[in-house]
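Chain naming follows the written order as A, B, C, D, E, F, G and H, and within any one chain the residues start at number 1.
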Amino acid sequence: MAKIKGAVVVNTERCKGCNLCVVACPSNVLALNKEANSKGYNFSTMVNPDDCVGCAACAWVCPDACITVYKVRV
Amino acid sequence: MKEEIIIAGFGGQGVLSMGKILAYSGLMQGQEVSWMPSYGPEQRGGTANVTVILSDERISSPVLNSYDTAIVLNQPSLDKFESKVKPGGTLIFDSNGFHRFPTRTDINIYQIDAIEYAYANDTTKTFNMIILGGLLKVRPIVLIENVLKGLKKSLPERHHHLIPMNEKAIQTGMELIKKLN
Amino acid sequence: MTTAEIINPANLVYEKPKLLNDTPMHYCPGCSHGVVHKLIAEIIGEMDMQEKTIAIAPVGCAVFAYKYIDVDWQQAAHGRAPAVATAVKRLMPDRLVFTYQGDGDLAAIGTAETIHACNRGENIAIIFINNGIYGMTGGQMAPTTLDGMKSSTCPNGRNVELNGNPLDITKLLAQLDGTCYVTRQSVHNIANTRKTKKAIQKAFENSMAGKGTSVVEVVSTCNSGWKMTPEASNDWMVANMFPKYPLGDLKNE
Amino acid sequence: MSYDLKLKEMNDSKKQNIDEVVLMKGNEAIAHAAVRCGCDGYFGYPITPQSEIMETLMELEPWNTTGMVVLQVESETSSINMVYGAAGCGKKSMTSSSSPGVSLMQEGISYIACGELPCLIVNVMRGGPGLGTIQPSQADYFQSVKGGGHGDYKLITLAPASVQEMADFTVLGFDLAFKYNTPALLLADGVIGQMMEKVVLPPFQPRLTDEEIAKRSPWATVGKPATRKPNIITTLSLEAEEMETINLRLQAKYREIEKNEVLFEEYDCEDAEYLVVAFGTSARVSQKAVEMARAEGIKAGLLRPITLYPFPTNAISNYADKVKGILTVEMSAGQMVEDVRLAVNGRVPVEFYGRLGGIVPSPDEVLNALKTKLV
Amino acid sequence: MSYDLKLKEMNDSKKQNIDEVVLMKGNEAIAHAAVRCGCDGYFGYPITPQSEIMETLMELEPWNTTGMVVLQVESETSSINMVYGAAGCGKKSMTSSSSPGVSLMQEGISYIACGELPCLIVNVMRGGPGLGTIQPSQADYFQSVKGGGHGDYKLITLAPASVQEMADFTVLGFDLAFKYNTPALLLADGVIGQMMEKVVLPPFQPRLTDEEIAKRSPWATVGKPATRKPNIITTLSLEAEEMETINLRLQAKYREIEKNEVLFEEYDCEDAEYLVVAFGTSARVSQKAVEMARAEGIKAGLLRPITLYPFPTNAISNYADKVKGILTVEMSAGQMVEDVRLAVNGRVPVEFYGRLGGIVPSPDEVLNALKTKLV
Amino acid sequence: MTTAEIINPANLVYEKPKLLNDTPMHYCPGCSHGVVHKLIAEIIGEMDMQEKTIAIAPVGCAVFAYKYIDVDWQQAAHGRAPAVATAVKRLMPDRLVFTYQGDGDLAAIGTAETIHACNRGENIAIIFINNGIYGMTGGQMAPTTLDGMKSSTCPNGRNVELNGNPLDITKLLAQLDGTCYVTRQSVHNIANTRKTKKAIQKAFENSMAGKGTSVVEVVSTCNSGWKMTPEASNDWMVANMFPKYPLGDLKNE
Amino acid sequence: MAKIKGAVVVNTERCKGCNLCVVACPSNVLALNKEANSKGYNFSTMVNPDDCVGCAACAWVCPDACITVYKVRV
Amino acid sequence: MKEEIIIAGFGGQGVLSMGKILAYSGLMQGQEVSWMPSYGPEQRGGTANVTVILSDERISSPVLNSYDTAIVLNQPSLDKFESKVKPGGTLIFDSNGFHRFPTRTDINIYQIDAIEYAYANDTTKTFNMIILGGLLKVRPIVLIENVLKGLKKSLPERHHHLIPMNEKAIQTGMELIKKLN
């Protein structure tokens, strides 16, 4: 059975740390960073990159269009 | 005596209420005071600032272009207000997240790392009182006793038990602040 | 395969729509407006309508929508977007003309303009962001604020006796002869966001087909005005807004 | 500059071919002129004494000929915002109303002025304040030239005094509006709206094509081609500095308009010892009073401002060095008289005679005022 | 007449008991003062920078204490017409808004003036035109004092320059409104609305009972008892003669107001060679400029009109015989300066310095303008 | 018995209501406004509410209603009667407050005020004279003008494409949570006139009982605007207006 | 069987000759007068007074409240 | 030549169109003309009037307080306008329904019973042309030929066949009018 693997890139300067992508992710891939960007926001990062399935749920709900999603069948 | 102050930072940092406490303190020691915030949606996610004037005389203009003292709590605020401190005046900043530091040499520059302290000691609620303490250390424009009186007057009765905590934060601020130049 | 290997243009499945430019949006973190902006930018791009689009921004938090989506925009006076859109579409009938409005804009001050544009059946689409509050001005009560819901002008919660009833304006618009498609959607999760995208696309298509007015209400959050985190706002919306403003098509002709 | 010669010629009946002359109401003339000059859209709401403008347009059905859109809408508030929308697309658009309806447009007018959108607004004034009366008045002068809406803006304000000018100034109003990208106001009163006179209608001009519009008004929102940035019509600038820049641009434009576009008409002024200043219907009444005064040996003259904004300040100022006194006549409690006084700046007495609330003064009254107040 | 002594005393902090002193925003002060002076009803629609007025009222819940009604309604158009309705019943009623919202009220304001209904309208001005900016401005001066709505009418216009005056003038505005049965306008700007200062709130006054209202306002529509004819609030008179009579009555009232109610404040004027005229926030900035000028040996003084209508024409006229020049400072392109010029009537130069679109001038700028334009 | 003998106060069965004064009404011969005025005067008299009534006149042909019915009146700006009435009733809750409005006043320029007063559930009665035209200003198209019906601004008949759809505003008002009683009546014959009287009385009673907003639409004629005789107007109304605006209660709670 | 007899009095100066009462009368009692009142209106009059049954239909529909109705059982 | 005329009567009497025909006639003979009606709801059931000015010169005021000629077709109009005829001027009235007759002695007074005639001869449609005929008999301010030209210009083509009927009415009016003083 083909496995699906995904990855996301967060535009950390654009991110406002709203946490909606974190909540939306079915695989708990994302979390907010302890560090803040230049605007003072704790941006989102992949903390469990291996679990990402590239479903783009995070990206669809991101209000600031910060997330780019990639997906491969392996 | 007259002190013209700008306090500027991110929206959520309690900039406006710090200004208000300062104004109330001035009021408790019989001074004329004015408190003029930046307002509206530009606060949203952006910066907020407030001009506070304490004076023994009737205050004419509540809006100023230069200040005796500037307290800046984020980079954009430093960028905006550093140049507006009067020569010989005071600039206080919290360096958290800064990538560019103040450069003027004709003013007194102080650093107070209250954000870091507050995070570390889980006292983010009194973060702005720490800053205020720092200010009062280097510019003792109001008596601490009047700050506490002001808090008593402005806080609803049910919050009066928080006053000692605030007093403590002021002390902390007085210890944290350090002169840079 | 490593993450770095996956991140490759060939594997791209989602990216910021091209018509949504790089200007950082002024919205609060987690604001629904951003999601809807993204959808609109995507749809116009996919429909290849950039050259044909004239969008009308409201007065409300979305007043600056024109800064973010790269089409021609007019920013209308508070509540008058449907009037502005009417004129634009009547004079340029082959253009895609839509308004983007909040609940204060559309359902309070703009009530007459909204109802009459819909009743005339102007060939426009109305994207209606119902967040139950006046976001822009600091969280005052909106016509759609729920019974009991707090705002800065009903600090103890809306009281129908004092403040009147919440208004389901979309229901009214569905009654009008001039509307062809009236639907209520949300953008709090991927499934609903996809549906909202389809709804907006359909509204745009209707307007180009001259079928009359389409209204897409997006039940939304305003976490700043509601004084909750974005996540809590979504949950609160599902629990409280949806019962009063149930999702789904109200009219589809 | 004095009254535009081309217009004057048009108004000169001796040169008119009888077949081109028609008899119609001032309101009707506006409607005909709008269609003929290639107006793209009219948006309006009925109100006496100007409803014939929309009624005539609806009779003419220009959508079948020139393609002009004519829409009766739900309110004046809506009308003016439709004009905003249409003008934002570079279209020649207009609305018309009378005093209370124009008050409802003040927010929209301020937006249009700030957005630098060319359009034509017609106010056929009636007696106010409030619902008032439907009889003719000139008491919206202040609203028109000082600022009925909020903020610093101006409207190019044309004051017709005949049916011919209702037609001509419809064309002229649009021309000036597009010359400066600014709203023009045609400020008439019930007399001129309702009366019939001879008029030679302006020649037909085709409506502009999309290409022509894109060329004339490159800022217009017509859909963004790949070749340019988005066009945005907005009046918002949360940064005060930015908003001041916009305001300074507006003010610079107004200075240009004041330099270039002043129009007025002089009647028996050459050797006048007493100057009457009046516009619109008051000017026609005053002209008769001047005739009567001359017949009695009083050297009176009439200066009729045609553009109320820009006001003929210099022309009046010049007379302040020549005449013994000035009488301003208005169908109001005295509004334009302030602009006359500002022009005269204390050099000669400036007196006022007015009738209020819908009354048109008679020539005798004006003559009498001239005699008792000045001579 | 100079600035009312009782008010002055109130403003004098030396006489204040610290317990009575509170720190609040100008907007909040209006809300508190309204409740305290026995206001019966507030109707409004949110707009920055004055939303705190309604928000504070909603916090205060005066319906539970004084019985005052506070209603957030669908638009400014609706607010002002609710004020009309409430005022027609002899009730103390008010609304508040900021520039674009006040533009939407112009028809209603004209009705209220014509109906001779006492009420209070608050405009906390922001930069225009159009949606503009939410920053402070004074560019609605013309709209306020010349006539934003149609027809010949006036609003008693009070221009507060401090939070204390926001409270005091709320009371004073109502008092004058009821003294003359005419609307009063409190014309502030974003600075005064948003800033906090010390304020002593006015004492509590009970709301009037039905009987008291019937006595004070016998014209009010409260239900017709057998003992009188129906009371009718109307602004319509299709007969022009009747409408003129109404207008003449209004004009006579305005002359009374002009005679009795002028308020202004003088600062360092006794020996002034140069007079600065400014109101509201501009006056506070100008006061600082005058201080600075005096420090440099320039004999400057400040005259601050408190009532913009009635305008302190005589006071300024008197200075025209004493000073060498006058500088008017406004947060606009120059509006009040026209009234200053009309008062001066050419006797000394009247110069203008202004900032537009939401910018507050700084004291240095004003001083500089004074020096370059006059001294 | 001779006619002269019958004419005797003892035998009186109908006379001009006392609250309708002797001032001749300015209405055109046969205008429906007069009939409704009569009913209102009668009802207020019968309810003995003269001392408690504050009536709100519109801008429209009925602008002078205050000249004829002897109660206290306020004449509101065009379309704003519901706003004026809201304030009056809120400030004097024990008074009988009603508006009297035409279709232009209530359903065009006053749309927002009407909808929001009804939605707030103000305890007022709205008497709505729907004659499908702007009578006062000389017969222009109203929101309620029927498809194909002529007016001075649609001289060849209303064309939905050009002029939009006729608006059944009363149907919308019945949907609002704030209305308690919404009904449509007429006064073209004695039976219907009697029903209209009952309806208005009920509306007045509701408003005094604090039940919310009551709306009584009276489908009416404007023979001047319609350019027909009064009788022909009645017939035309029955044949053409009633199908679009059917008589009866739309809501009765 | 008791017969009902009615009579109406028209306020002829108030009458505008709209004819609605004439049409409304079930007994054809009324007609417009050839003469006009001072305002130029041909006012309504009883032309068949004996047929009047006092039903008041005329009075109810009269827009100008011109008609007073009397009725007796005879 | 200049003639200032007021025509006044009930709303339905065709007062405005009579004025319009007169204005058109002036136009056809190259004169300046103005036609200014009373307007608005006061027409409703009440009186209507129109001021018509024909002049060889540019017309200044289109609104007048006194007239060379007044044509009054009902009692209220007589009451209103009798006093406004200039001394030496002309007053023409149709006495139908009159209870008070003109009393001035310094003007020329004519009676023309056109209403009665029109009813009797079933020519109510041309009633106002009868009046116009009467006027032209006593004040020949426009040539009948120009009246007809004006009709031709102002009437739509499909109504041109009615012109002879109108001409006849003018003749009738010329015969009906009689001087009273």
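One rule holds for everything that comes next: a residue touches a chain if its C-beta (ideal position, glycine included) is under 8 Å from a C-beta of that chain, and two chains touch if they have at least 3 such contacts.
Computed from a prediction, not measured in an experiment: that's the story for all the values here.
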| item | value |
| --- | --- |
| Minimum number of chain-to-chain contact steps, subunit D to subunit G | 2 |
| Contact-richer chain pair (by C-beta pairs counted) among D-F and C-D | C-D |
| Rounded Å distance between subunit B and subunit D, as computed from the means of their C-alpha atoms | 55 |
| Whole-Å gap between the CA centroids of subunit F and subunit H | 40 |
| Averaged-CA centre spacing for the pair subunit G and subunit A, given as whole angstrom | 85 |
| Inter-centroid spacing, subunit G versus subunit B (mean Cα positions, whole Å) | 87 |
| Overlap residues in subunit B, where contacts from two or more other chains coincide | 40-41, 45 |
| Of all residues in subunit F, the ones touching two or more other chains | 27-29, 63, 75, 77, 108-109, 111-112, 116, 143, 163 |
| Per-residue multi-chain contacts in subunit E, two or more chains | 48, 71, 74-75, 77, 100, 107, 111, 131, 134-135, 234-236, 238-239 |
| Residues of subunit C defined as touching subunit F within the complex | 108-112, 115-116, 119-121, 143, 160, 163-167, 171-172, 175-178 |
| Touching residues on subunit D, where the partner in the complex is subunit F | 45-48, 51, 54-55, 58-59, 61, 63, 71-72, 74-77, 100, 131 |
| Subunit E - residues contacting subunit F, complex | 40-41, 43, 69, 71, 73-75, 77-79, 81-86, 88-89, 91, 93, 107-108, 111, 221-226, 229-236 |
| Residue numbers on subunit C that touch subunit A, as the complex places them | 1, 3, 6-8, 11-17, 20, 24-25, 27-35, 38, 187-190, 193-194, 229-231, 234 |
| Subunit F residues touching subunit D - in the complex, by the definition given at the top | 59, 63, 75, 77-79, 104, 108-109, 111, 134, 137-138, 140-141, 143, 152-156, 162-163 |
